[in-house]
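Here the structure comes first, spelled out in structure tokens, and everything after it is commentary.
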Amino acid sequence: MNFLTDSLRSALLLVLSRDPEMLEIVGLSLKVSCLSTLLAALAGVPLGFFIAFTEFRGRRLAITLLNTLLALPTVVIGLLVYGFLSRHGLLGSLDLLYTWKAMVIGQVILIVPVVTALTIAAISRIDDRYRKTAMTLGAGRLRTGLVIFREARFGIVAAVIAAFGRVISEVGISMMLGGNIRGFTRTMTTAMALEYDKGSFTLAVALGIVLMTISLVMNVLLNFFQGRARM
Amino acid sequence: MNFLTDSLRSALLLVLSRDPEMLEIVGLSLKVSCLSTLLAALAGVPLGFFIAFTEFRGRRLAITLLNTLLALPTVVIGLLVYGFLSRHGLLGSLDLLYTWKAMVIGQVILIVPVVTALTIAAISRIDDRYRKTAMTLGAGRLRTGLVIFREARFGIVAAVIAAFGRVISEVGISMMLGGNIRGFTRTMTTAMALEYDKGSFTLAVALGIVLMTISLVMNVLLNFFQGRARM
Amino acid sequence: RAGGEKVLRMATTTSTQASGLLDVLLPAFTKDSGVRVKVIAKGTGAAIRDGMDGNVDVIFVHARAREEKFVRDGFGTRRYPVMHNDFVILGPASDPAGIRGLDDAAGALRRIAAKKALFVSRGDDSGTHTREQQLWKATGLPLATMRHTVVRKGGKREVESVCPAGSGAWYLSIGQGMGRTLTMADEKRAYTLSDRGTYIKYRFGRRVPVDLEVLCQGDPRLLNAYGIIPVNPEKHPGTRYDLAMQFVRWLTSERGQALIRGYRLLGRQLFYPDARNQVTGMP
Amino acid sequence: MSLYYARDLTRIHGRRTVLAIDSLDIESGRIHGLLGANGAGKTTLLNILAFLDVPTAGHLGFDGRPVRFSGSHLRRLRRQVVLVDQHPVAFSTTVAGNIEFGLKIRRIGRRQRVRIIDEVLALVGLEGFRNASARGLSGGETQRLAMARALAVTPKVLLCDEPTSSVDVENQAAIVDILRRINRERGISIIFTTHDRQLAAGLADRILYLDHGRLVATGWENVFSCTVEGHDERHDRCLLPGGRRLLLPRGLAPAPGICRLSIDPRAVQLAPPARETEAEQGLRGRVVLLTAEGEQVRMVVDAGIRITLFIDPARYRTLRPGIGDEVALAVQPQGICFLAGR
Amino acid sequence: MSLYYARDLTRIHGRRTVLAIDSLDIESGRIHGLLGANGAGKTTLLNILAFLDVPTAGHLGFDGRPVRFSGSHLRRLRRQVVLVDQHPVAFSTTVAGNIEFGLKIRRIGRRQRVRIIDEVLALVGLEGFRNASARGLSGGETQRLAMARALAVTPKVLLCDEPTSSVDVENQAAIVDILRRINRERGISIIFTTHDRQLAAGLADRILYLDHGRLVATGWENVFSCTVEGHDERHDRCLLPGGRRLLLPRGLAPAPGICRLSIDPRAVQLAPPARETEAEQGLRGRVVLLTAEGEQVRMVVDAGIRITLFIDPARYRTLRPGIGDEVALAVQPQGICFLAGR
């Protein structure tokens, strides 16, 4: 596979050159993805707990809707957020369109359902006795939630990792809301899409390899910290 | 929100018109997504079981790699598969590029890591006594796996639903490997992307609404069957 | 693939497809010849790449220099001119750089650069972007060259593109399709270079039109010629050269050309046939 | 003062009424034992008393005030009551971490936490496991950990669901000891369930019997299934397992057929040797167990079925029945009670 | 014939040696009871004997052949052995579905499956729960279901981890009965653990004692911690809880200090009333329990500590000790054995 070795070597060159533009792109990708994941986790995990542990009419419906939202296409999210942020939109005055903040908004919408649905799945199999034991020992909702969180942490972390993978590899929303403006809102994936459109497949895959490497590093770090925390 | 109501009405019109082209697009989307999800589930769930239950050196590394693969961008997958399927690629003689089969190949690669990683997470919290009980009652690996599967089904189904949502809303791979050829490989998402490129935002969102409706129907059906199976 | 059916695969640019012209041409061709056409629309670079990889039988793009190189390198048999339309320089009605009415595209760009007025560039190596770069070169302004080194077939190769030097925050290179470029230019109240077809769609074809006006047009350098090139069957034995030539002949025949001439988008003619009389007057 | 009161308390699972208590009052500061067969509803009742489960209908009062089953109200009540589960789970942290949980919630300072942890670990004999992973503990160790975890928070009421079922003999005695002590010294009210009648008798001030979700007045000890037949105009005959029969006055037994009856141990008398032969509606069998229970002596006689009875010390000293002796028992009809269901 | 044999079998969790058995032989067709304190390693051993856990080191033989701990080999062996867990889990299907599981694996036809399910459900008294959801069962019901599930597959060896710990009295007797019957009628070998010494004594042909992972020869029944002090040149003095003391010949006890000792019940004799006063190195206390155990009478004396001993029938008939009587006990030094640890 000539193509692959070409790409690998290009990737190496890219990394070794430490091209400032490249570094900027990587930095922005990480910033946007990490922030989106963080915000989505902060919203989605508690939401998942709420749905899993609160008895309310239409709970099953809520879960079904959530599962449906997993299929929300990036184009739709992009257009909806665009509708709000555009000059003619409700929030047009904030001048957020084509900034990294717009990307974060779109991406959070993209992955909150992912985090929530998978959090629900993760805690659904935690023995109910953990909840009861925490409660009988005097824990309020928050503490009880933390207990369940600890027991379900592997599943929840998996949900968050899946969400992170989703956003860092996501291109549609970044493209539509960020605009892929060189020097401002170009991320690894939008750069890849651009290179692809230009026909420079090698460079596109090289960027992809860089992206995977970064994702690997993130996962190794996470694994390391999880491992330490578990002890 | 004028835009949204317009889109909703367009979506209604689209559905009511029962335009044969529209139906074909929806049909193809469903065919490709369902098949990809099915294949990925058939590969990913057993793989997840294998990784979760087999003690081997580098198991943790395997999980980390899997988590990394969750961040595999569609452009990379598209290009890799392209490299193989393109005329001078290894499998060029099969003439698969720009067919729905190519899309399925790419999408399966996209979601096998999702299904696998989330399956591992889903079964990680299943009490080990289920495994032991099944084994002591004489179950082999397969039967034991089925027992765990039943206990973890909620999580595994969530994984599969997430994977389905991922592929049915996915556009990059479908575009690159299917080619968005009208009458052959146009799916709902590539049609949306095209409409978006054409500037018909309303139609794009209308298609998105149709897609969400279909996804909702799928989820309701699934929920229904799951509900019945659970009894 | 449906048995026995004759299917031609064509790579083209997104703008060709988005203009709607293909929706008129292809059904007519299929009716006349019984050949179905599979259209794969991509960025110009990727479309040409598809031809180089032998994944399609014919390419239909608008980047003259690269088309000729494609033929020179032996990937295509010959370039057949099909039609042309033109590029226009767009900007907000307020026109901060004062280029309204200019017919010298390079001069217009010079003024934009002088004012450091926002300019959105497609920056995607497309036909439009290629033309924009040519225009910048024609301005005589100092240019910055960006290079990427890639490894191809084992050897290193430089890929370069130019933009005005010191363009900093006013020159937005966004690497996206025409439609998205227009959308952004509208949002940012910026200038941009666009093909007329996409502009007409975005200006007159939508409930919320892009709020950009044609400020500079008519420069011969803004001419946008489309050519069609069959992929060389000697390079890629699997391709259907026969079908490709059948399509080329049809497209350049009086019937094909008449359809192009007659195509109206929102009441406006978009394309001018080129096959018989190589150059016609500007609109 | 009454600690709990319940009126018409029911709990329904699906279509099954699992608990149906007409009236129950539990006094403060005492030790209550809750006995009953598997599925009688003991765990269900404890869960409701611990405010962890909501009754389907009925009234529950705690500390003189009615319990409203709403989140915040329950949360406050839960601080005073701790339930030790039948099969407890340990949080996946260390043994000490498990105990610390309830203490942290109560905002107890670090120093004192350490002191309390050491103290309760010593009580249940788990000193050596302080920093071990709690999920690795054996069955009995986990049960003792759960007890320690509950003791650490010094609740007002301690509910123990079979607290010694997996615990070894040495530690069983220790736990019984602890329960007695915290009840006496700190006035903690205790309600526990068990299948060990001796444990219940030895530990509890009062014993409650549950049968199919209902509180029953029977002593529960001697419960048998039997077949009722007519005998003569004034008596029914009751065939017990093992072929023994009892004659009962007409009207006591339900319609002829298979049913369950319980014999209050206090209604069974050891017939003096002289009257043995004439014990017409009595039972004969061999003594298999004798044990001290408070002042009285508990005796189990194997008469095909195993019948428990109590003998008061004076009578015991007179008769001095020994293991293996054949004895005759007289059953007073008013001690016989027919149970619903099965 | 020997069913299992084990040599130098160890199981290590982390840094802790949980099981360390030098030599163990288990005969076929018998009922073995496995006793020991919490954490002694009973569950660990049963898991290894059920081929569900792999020893860290050592040899295990089954049916005369060494066990290789490789997948396919174990799978074959597992078909012959079933373990009933200490705290069993039920598959989340119906009660009948739980039992059917093992039958389906063995490719037993539908008709016969139904028959077997009905049969074993009746055995454990769960007929009424056939189609109930197994996850909704109470603690004791689950335990009985697990027993039924194991019985259904008629294994060659049945391993029961505390089979009656959560089971009510009526069903305890039933389960003991079942175990005895399947052992006698079908020749199924049974190994069970329990903390109930009476159950063990009544059911088992042979009793094994585990202490800190080691098989010990002690009768296990009388285990106390004590303090050893020097007394005179020929004796050590051993202070027992409750203030009693024992004189032991020098050399029997380890170095002075706190340690644990066990007294074999067979080495404890009831001193005849006449010699009571002179029982210098004996113990005095009150009889609290008498029960028939096989031919013998088991007696528990409360001498500060509770000491168990056995009396043979002839001697019992002569002395006829009663509940509450004060008696003196003579302890033979050779029945005293010091245990490691604690």
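What to note about this one:
Per-chain residue numbering starts at 1, and chain names A, B, C, D and E are given in the order in which the chains are listed.
Criterion: contacts are C-beta pairs under 8 Å (C-beta built on N, C-alpha and C of every residue); 3 or more make two chains touch, one makes a residue touch a chain.
Computed from a predicted structure; not experimentally measured.
Each step here moves to a touching chain, and the least such steps from subunit B to subunit C number 1.
Listed by label, the chains that touch subunit A and also subunit B are C. Once subunit A is excluded, the chains joined through touch still make one piece. Highest C-beta contact pair count among chain pairs: A-B. With centres computed as the average of Cα coordinates, no chain lies farther from subunit D than C. Centroids of subunit B and subunit D (each the mean of its C-alpha atoms) stand 55 Å apart.
Each chain gets one centre point, the mean of its Cα atoms, and the points for subunit A and subunit C are 35 Å apart. A separation of 54 Å divides the Cα centre of subunit A from that of subunit D. Touching of two or more other chains is recorded for residues 177, 180, 208 of subunit C. In subunit D, the positions touching at least two other chains are 87.
Contacts with at least two other chains are made by residues 127, 151, 176, 193, 196, 201 of subunit A.
Inter-chain contacts, as defined above, occur between A-B, A-C, A-D, B-C, B-E, D-E.
Those residues of subunit E that touch subunit D in the shared complex are 13-14, 36-40, 42-43, 86-87, 136-141, 144, 161-162, 165-173, 195, 197, 223, 286-292, 297, 306, 313, 316-317, 320, 322-324. For subunit A in complex with subunit D, the touching residues are 127, 129-130, 132-141, 143, 147, 150-151.
Against subunit B, in their complex, subunit E makes its touches with residues 47, 50, 52, 71, 75, 78-79, 81-83, 85, 87-89, 91-93, 101-102, 105-106, 146, 149-150, 153. Contact residues on subunit C toward subunit A in their complex (touch as defined above): 42-49, 123-126, 148-154, 156, 159, 169, 172-177, 180, 184, 186-188, 208.
For subunit C in complex with subunit B, the residues that touch the partner chain are 1, 9, 14, 17-18, 20, 36, 38-41, 53-55, 177, 179-180, 182-183, 198, 201-202, 205-208, 236, 238-239.
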